[in-house]
Amino acid sequence: MLEITLSALIIIGALFTFIGSLGLVRMPDFYTRLHGPTKATTLGVGSLLIASMIYFSTQGQGVSFHEILVTLFLFITAPVSAHLLSKAALHLGVESLSKPPPEVERADADGAGTP
Amino acid sequence: MLSTAILIAFALVSAAIGLTLWRLLTGPDTPDRILALDTLYVNAIALLVLLGMHLSSALYFEAAILIAMMGFVGTVALCKYLLRGDIIE
Amino acid sequence: MKRRLLPHPILTPILALIWVLLSNSLSPGQILLGLLLGWIIPIFTRPFWPERVTIRKPATLLRFLVVVLYDILVANLAVAWLILRGSHHIRPAFVVVPLALRSDLGISLLANVISLTPGTVSSWLSPDRRRLVVQGLSVKDPAELINTIKGRYEAPLLEVFESC
């Protein structure tokens, strides 16, 4: 039972990691590529870390829970880097399928990059 | 069964790393390349966690934490460079 | 006096928890060391934390966390499905969300939650902090997306951090 749960978690995690990277290759423009890695990959690695937590806790050397730290860290940092990346892309005027709102360009033209 | 699952997962994550590498090398714009690098860090964490389970050793965990932190700091520094043309002001 | 000794009452248990997670043991010594660090670090880094965080309604925050966790799961499945179906089915669009939140913490939490959940990434905050530009992967109705963001995520955050 435990082995089935672990195997399922590992396969699901790896599958999501793969799909996230697939999105990076398949999507047509930068802003749509951003979605795969920030969402699918985060959940994929989160699932793998939960699997690792269960695995090491059942090895008989006491509970292991420092995996939570990496999961939390990824869940906090992934949106931050996604936000910074898309801000940088808007600033550079990277080609996009959908038109960015006009105010973005106006504010950038003023030269004030927000902190 | 578990070892088979880990082997399949190894294959999937390695394929994912291949895909990100392709985007890193071809990606038309600089933000694309940074995004690919960020994804590569996350995939490397996944690979390290899998390796830790494969070898039944918790030693690789510290490496995973370090990669998570350094990856984030690296991405932020590169984005800031693109935004301002300067990292430390 | 109390402010100087314990400038951030919420930060202390969080730092202690992180220490215990990092050392991966629940022994009393590690917990004590974690609490000590959680007490000392906020005192020495006080200039970095000008705002004092207060949580007004813990129950609402807990309910919000459950909703967000559930949405992260659903959003992941939706995005994975969109990626697998290919790029012909997506409808990317930028949406401008007017913000009612005023505090830095509230806005950054909202932006993070938006990026983690429903097929959207927060892309740009206007310099006056009144509007947030959000990029959606498959937007059918921009007005509905704005309503979802405001009702589902912003309202609870407003209640917890800025109900005055």
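Think of it as A, B and C in the order they're written, each chain with its own count starting at 1.
By definition in this document, contacts are C-beta pairs under 8 Å (C-beta built on N, C-alpha and C of every residue); 3 or more make two chains touch, one makes a residue touch a chain.
Please read these numbers as outputs of a predicted model, since none were measured by experiment.
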{"item": "Chain closest to the middle [Cα centroid of all protein chains]", "value": "A"}
{"item": "Centroid-based (C-alpha) most distant chain relative to subunit C", "value": "B"}
{"item": "Distance between the centres, which are taken as Cα means, of subunit B and subunit A, whole angstrom", "value": "10"}
{"item": "Distance from subunit C to subunit B - Cα centre to Cα centre, in angstrom", "value": "23"}
{"item": "Centroid distance [mean C-alpha coordinates] between subunit C and subunit A, Å", "value": "15"}
{"item": "Residues within subunit A bordering two or more other chains", "value": "20, 22, 34, 42, 64, 66, 69, 78, 80, 86-87"}
{"item": "Per-residue multi-chain contacts in subunit B, two or more chains", "value": "none"}
{"item": "Subunit C-facing residues of subunit A, complex", "value": "16, 19-20, 22-23, 26-29, 31-32, 34-36, 38-40, 42-43, 62-66, 68-69, 75-76, 78-80, 82-83, 86-87, 90, 96-101, 103-104, 107, 112, 114"}
{"item": "Footprint of subunit A on subunit B - complex, ascending", "value": "1-2, 4-6, 8-10, 12-13, 15-17, 19-20, 22-23, 28-32, 34-36, 38-39, 42-43, 45-46, 49-50, 52-53, 56, 58, 61, 64-65, 68-69, 72, 75-76, 79-80, 82-84"}
{"item": "Of all residues in subunit C, those that touch subunit A in their complex", "value": "18, 21-26, 72-73, 75-76, 79-80, 82-84, 86-87, 90, 92-94, 96, 111-116, 119, 121-127, 131, 133, 135, 137"}
{"item": "Subunit B contact footprint on subunit A (complex, rising order)", "value": "3-4, 6-7, 10-11, 13-15, 17-18, 20-22, 24-25, 30, 33-34, 37, 41-42, 44-45, 48-49, 51-52, 55-56, 59, 64, 66-67, 69-70, 73-74, 77-78, 80-81, 84-89, 91-92, 94-95, 113"}
